[in-house]
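Please go over the structures that come below.
Presented sequentially are two complexes of chain A, the first with chain B as partner and the second with chain C.
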Partner chain A sequence: MICRKGSKGAKIALLAIFLLSALLLSGCWNNRDLTEMNLVSAAGLERTKDGKLLLTVQVVEPAAIQSTSSGKGQGGNGSPYPTYVSSYEGETLFETIRGILSTLDKKLFFSATQILILGENLAKDDIIEALDFFQRDHEINYKMYILVAKDVSPQEILEIKNDLDPIEAMYLKRTVDNNVARGTVKRTMLIDLVKDIYCSGKQIAIGQITKSGKKEVRTEGIAVFKDGKLAGWLNRRETRGYLFAINQIKSTIVNVPVEEGLVAIETISAKGKVHVPFKKGKPAALGIKVNIEAAVGEYAGTGKLECPERIYELERKTEEVVRKEIEDALKKVQKEFSSDIFGFGQQVRKYNPKYWKKIKKEWNELFSELPADIKVKAKLRRVGSVRDSLEKDE
Partner chain B sequence: MEKIQISHIQLFMLLSGFLFGSTVIISPVQEAANDGWLAILLGGAGGFLLMWLYVKIALLNPSKTLVEILKERMGKVVGNILAVFYIWYFIHVASIVFRDFGEFITAMTFPETPMGVIIGIFAVLVVYVLNSGIEVLARLCEILVPIIYIAILIISLALITVRDFTAFLPLLENGITPVLKSAFSIISFPFGEAVAFLMVFPILYKEEKLKKVVFSATIVAIATVLIVFFRDLFVLGSGLIRRTNFVPHLTTLILPWFNVEPLLDITLMIGGGAKICICIYAAVKGLSQIIKIDDYRSLTGAVVIFSVVLCIWSFENVLELFAFTDKVWPFYSLPFQVIIPLLLLLLSFRNKSRPSKQGAQTQTGQKESNTN
Partner chain C sequence: MINIRNQEKTANQNKVQNFIDSREPIPERLELVKTRLNEIFSGTDDFMYREFTCGKNGSIKILVAFIRGLVDKRTLNQEVIRPLIERFSSEEFYTPAAGGRLYERFIEAVINVDLKEADTMHQAVNSIVSGEALLFIEGEDKALVIGVKRVQGRQVEEPDTETSIRGSREGFVENLAVNTTLIRKRVKNPNLKIEMMKIGQQTKTDVCICYIKGIAKDEIVKEVKERLKKIKVDGVLDTGIIEQQISDYRFSLFPTVGNSEKCDKLVGKLLDGRVAILCDGTPFVLTVPYLFIESIQVTDDYYDHAFFATFMRLLRLISLLVSVLLPGLYVALVSFHQTVIPFKLMITLAASRQGIPFSPFIEAFLMIIVFELLREAGVRMPRPIGQALSIVGAIVLGEASVAAGITSNLMVIIVATTAICSFIIPPFIRATMLLRFVVLIAANILGFLGIWFVGIAVLIHLCKLHSFGIPYMTPFAPITSAILKDSFIVVPYWAMITRSGAQEHVEENSGSPDQSNNNKPGDENKT
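Entry: the complex of A and B
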């Protein structure tokens, strides 16, 4: 009404009010500036000897990032690292997060956290109760990576300083990414972990992290859990076998021994599938099927790849190597940990729900005793720019 | 009274926005977990029947709102009493949507803002829209409701890489009971609540298109709920779906590259807004017809404030809200959504079959129903 009848001045006033209210609408109630909070880039959790939680956080000072990137090489005044590490002990995680403010200046902000490292003692105790906070809170980055520290406390890993990246959490994250690409560590994001915990018929497996030298970390292998408690570790090779089976390998290098040396095979794509074949109403075996497409990447030795028959032979050998890796991983989790990280139980639950209801409780024992049925099919498509290996003509 | 009319596309958008409402954040089939799609199909079929019921009533009583129909078919006293109950029901629906909205925003987006402030600001908007007239609301929905579908499309497509397409197995793991329960609750929320549209149907410009519009909106709503359900299930798995408070919100959080959480908030505001506006409109329109005033606008403010206060007072915490909407709501809604409308339909048929005193209006009603 005002608009229609009012003068031009009234229209302008109205417009001004609308525009001004836009300023108010842009902010939320609890507006916090970047400079008013501590961005947590990585966090570590460990259980102390007297049963308390020890939280270690690595916080980033945004202003310091600028000074390091511009002031690199000038050397000199102040710490060149924009991160700061601090720890605090408490009984519950939330209490600890608030308690850490007794030593830090600004409130912690977890929405940009890249890495969460769980300590070995905590893992042996129970990780599930410690993770509840991360699922309940609203400011959590569900895509943060979770790792379990082996032979080292999370605090030590977070305190590593090297010059590869000003923020150490990014360095950690990228090494994990590299190892995921190599097929030597399982990428476990918080959401995957939560999904697996809720999933009946599957145990959890989390990537592992150790210290390598003074300034570096190594993220190879996985930690195997049984009902939320750490059961043991898989090494690099076994981890790759496991990842082949659960379809998480893209490109990895498989060394295949031949008569005159080693051939490095690069997988281009790999499709893995687990299933449980049933016979007479009972599970007959633990089936794993893997199909690999690969290329010859290197021929370290003296040999010739002149005819298709050689390639077929190489394919059989590749299959054998991969099969062995999978078998080792499966044997280990079956016999040593009896923890079904492959998710066979889930397959039983999906395709034979009635049977699953009956044996849900005893699945771990059943799983340990079933024979394995591993089928690997490899196809070598390319050999690169030369056919034969590098050697002197005689 | 001024002549108000909306086009059939506008009604389609209003209705599908309404049906989508707070289903954007609260999955009505949580209990059935991975069998939720069965519940949606069953409940959708039931919802379809309800919509048919409402359309039939509207066609048998052309250009009459629910309150007028009640008065005409049930007599003045009974009709008025029932109408008052209906008005209470509409206000209650609006207050529940208000509360859903407030709970979601305080739990996820603005945890330190008091819920009263969030709902209050939203309520001011509702009053403003309604006082501008139902045509404005219709045009608003025409523009905004497609955004819901675009947002759903974006989120669903972006998540295509993180899916497990066998997550709906095993079938009926926990028997058929949770499926039937969920189907029952999906009939009452959101389909049965569309009884409020009996107050809106009369203003449709071309009444002969009513059937087509309502049915297509219902089908679109069922399909959308189904798509959203499958998306959430394939991404999250059944265990997580059963235990999360706001399922679609969690789904948007794990999008691999970027954060689309605000998109979800927007869809909620549009869908919830449409639903609240329709319910409040139905209530004030009905009220104005009972107490015989020409313009409902003087009542909007009061009714909205009442609804806001109701929503804040009726539940102490979020679990009470969930328990109420789960266990009490479907049964409490039954008379409003099914029993009284069925009665109305029977009475309308009876009046139709014997030559009535109402004359012209009922005659056209006959023609309408005969052609269909």
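Entry: the complex of A and C
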């Protein structure tokens, strides 16, 4: 019989190494049941007038979801509503999270949180300080979306109840998710935000949420921050320009005016890049390069697309429209907010670190003064199933 | 039963041993023979003997002794006794001058039935109890063993325990002779060796080892023989008893001896260099060495398309993992690592757990126990009741417990999935059943970490195992590239040019040129 022979001590040592190596794996050591905690689907943070922190949480009642199996069910007829919203005031976030247990039955569980909404007052005050807990705690969903509420308190948004999804947080999240088809809001995950905060040479920008009706929200535009404080807002168009520049556009519809009306151009892919060209050891301009591949989606008018020249012309016009959007956005953050949300400073830091060290402090002023150098290239790939717009054959 | 037997074991052995001395001669006088037989078989009412006379004027007295039911009386009458009486009735046939002893003449006279000489009383009695008839002749100190064993038992039919879609439907039966015939029928080769031996001090069961010389490694054959010789038990009722005695690791949950009821499967194993152990009285045939990978190999794999077979192999491997890990994983996920569950799934999980009074661990534990009870009941019950049982089980497990809020829907799904998966790999059913509980407990204490610990411990154990000198995890540890072709992936049969299992084959048996070794294509390529 073949049997491996080795000293017993060595074997035990080997076994111990194998088993102990498992201890290096991090994990949660406390055994607790899913039913023993409140799943927080969405949270809101706001600064009250007297400087306190107001936490609003939306917790899920799983049993109620099960009973409304299709997911469309409402709280009517006495059956419980799938979510519950509660608020609590405190001085620190952690204290508030524990304090809110005086009104809620089970401990809050933030690992499933989908959305964090920051109030306008808090944003004006300082968000970095408020976000500390979310970075520090180990049971936080790093992929939660962050939005800044405009003209409305987070509490009001979280209390919106409509029938689109049994869990409102999912409804909110999806309105941000569908941005891939429209490109008008910045999708900001907690992890990205944390990265941007730590990154020197880049200011943060967070998507914006407003209430657009009794039962609806609208996620459009972005909130521009300067050193953690809200500096202002960008509208829908400017936001798209910004997103083009930072390469976050998947698909969007650009309306291009032509002689006979408007052409809706659908971008298929867009590649954006920011860079800072240097001349004589100094930054010469703020460079933005965008390459767009697009298709004609709609011709609202009576024009014809019969020859390549027309297509080329349309391409030039598309470039012009996109360029204008980017320029507007850049101009606004440069002149009004002097907040470098594009991350030009980051480019300087990366490629000219020595120079960056010198001017780090004055970068905001420097950034506001630099001329823009925006280059957009558009390529139309398709014109759709018909060549010309619909008209009677005469 | 076992306890009683064990207590009296030594006393009994001595008694029987003293009763017949192995060198006791057969008395020449029939009267003495009768007395002696009566002594030995006192209290054995199914023992019978008959006296005849034959020869002219009844000059030859003979005595036929046998055990009722074991011998084929018809054959005994027509083929032995009648010819003897008829042929020896004439004077000239029976004269001392014709030469030779009387029993030799008897042997000449009987053609159709196998006659052997028995020299001692011990031998004679052994033959009687093993179902042969004994013929004592007045004046001779030798008796004749008449091979008229009655063959009784099932027909060759498809085994219930192993069914296959394609391939032979023939399964082994309880009769050893039939079983060896079934093997011979498939391997027409003098190198197929069938070596008989007897095991069991009381039962003296026929056991035979079967292998193809030249393919099976000589060391393994030798080892098997040695281990079989060492077995000391009262009786061998099933190969399971042998299996326990010859296993390399008697306390391991994982089988290191394989068993099968299917004839074509066994021949396949023989061609892979395995040694088979057949035992009279059971259709289950053992094969050694037995490796881990054999548990997920099925004969259908070799008959089917290789891609499909590979897919099925992987599926079986997954089912092995699932059947061990799933309840533990669930408990770990729900109790420890909620963070990794996607939001939507978490809501569903939480909703299904809402209002359940037990912790996930207790819930899983109870459900698995209920399932095991149900399974055991299903096996033990008479078949007609089994139907009712499965209905009750389905309702109790599936419907009522959920409706009553004792268990969650999800737990029912998990236990059911686990159960299905555990049925896919019958050889490991014991191992998976017990390991499932270990994993479950570990998961409840340490979460994923606990499962990881158990997993590593099991892996180390598996790598440590050997079966008759072959590492259990071959071909993975040690990696044996030639055999990997028939592991998780299955290459087409024509591409399998090496045998699995026994690694170093030596073409030792090149003596006979016509040994049809082309049972596996491309055999000449093997080294």
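Note that in this section the second predicted complex is superposed on the first by the 354 of 394 C-alpha atoms of A that agree within 3 Å, B and C clash if a C-alpha of one lies under 4 Å from a C-alpha of the other, contacts with A are read in each partner's own complex, and residues count from 1 in each chain.
Assume contacts are C-beta pairs under 8 Å (C-beta built on N, C-alpha and C of every residue); 3 or more make two chains touch, one makes a residue touch a chain.
Just so you know, these numbers come straight off a predicted model, no measurement behind them.
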Checklist entry - Given the touch rule stated above, what does A:33 touch, chain B (first), chain C (second), both, or neither? => result second
Checklist entry - Once the shared chain is lined up, is A:41 touching chain B (first), chain C (second), both, or neither of them? => result second
Next on the checklist: Applying the document's definition of touch, where does A:200 land relative to chain B and chain C: first, second, both, or neither?
Outcome noted: first
Checklist entry - Counting only touches as set out at the top, which of chain B and chain C does A:191 meet: first, second, both, neither? => result first
Checklist entry - So, does A:109 touch the first partner chain B, the second partner chain C, both, or neither? => result second
Checklist entry - Is A:350 in contact with chain B, with chain C, with both, or with neither (first, second, both, neither)? => result first
Checklist outcome for this item: Of the two partners chain B and chain C, more of chain A gets touched by chain C
Item to check | Which superposed partner A:60 touches (first chain B, second chain C, both, neither) | outcome: second
Checklist entry - When the two structures are overlaid on chain A, which partner does A:307 contact: first (chain B), second (chain C), both, or neither? => result neither
Next on the checklist: Applying the document's definition of touch, where does A:15 land relative to chain B and chain C: first, second, both, or neither?
Outcome noted: second
Checklist entry - Which chain A residues come up in both lists, the one for chain B and the one for chain C? => result 28-30
Checklist outcome for this item: Touching chain B in the complex, chain A uses residues 28-30, 138, 142-143, 189, 191, 194-195, 198-200, 349-353, 356
Item to check | In the complex, chain B residues that touch chain A | outcome: 107-114, 117, 166, 169-171, 173, 236-237, 239-240, 243, 250, 253-254, 256
Next on the checklist: If we count contacts the way the header does, which residues on chain A are in touch with chain C in the complex?
Outcome noted: 1-4, 15, 18-19, 22-23, 25, 27-35, 37, 39, 41, 60, 62-63, 65-66, 109, 111-112, 114, 139, 141, 167, 170
Checklist entry - Contact residues on chain C for chain A in the complex? => result 223, 248, 334-339, 341, 343-344, 346-356, 359-360, 444-449, 452-453, 456-457, 460, 464, 466, 468-471
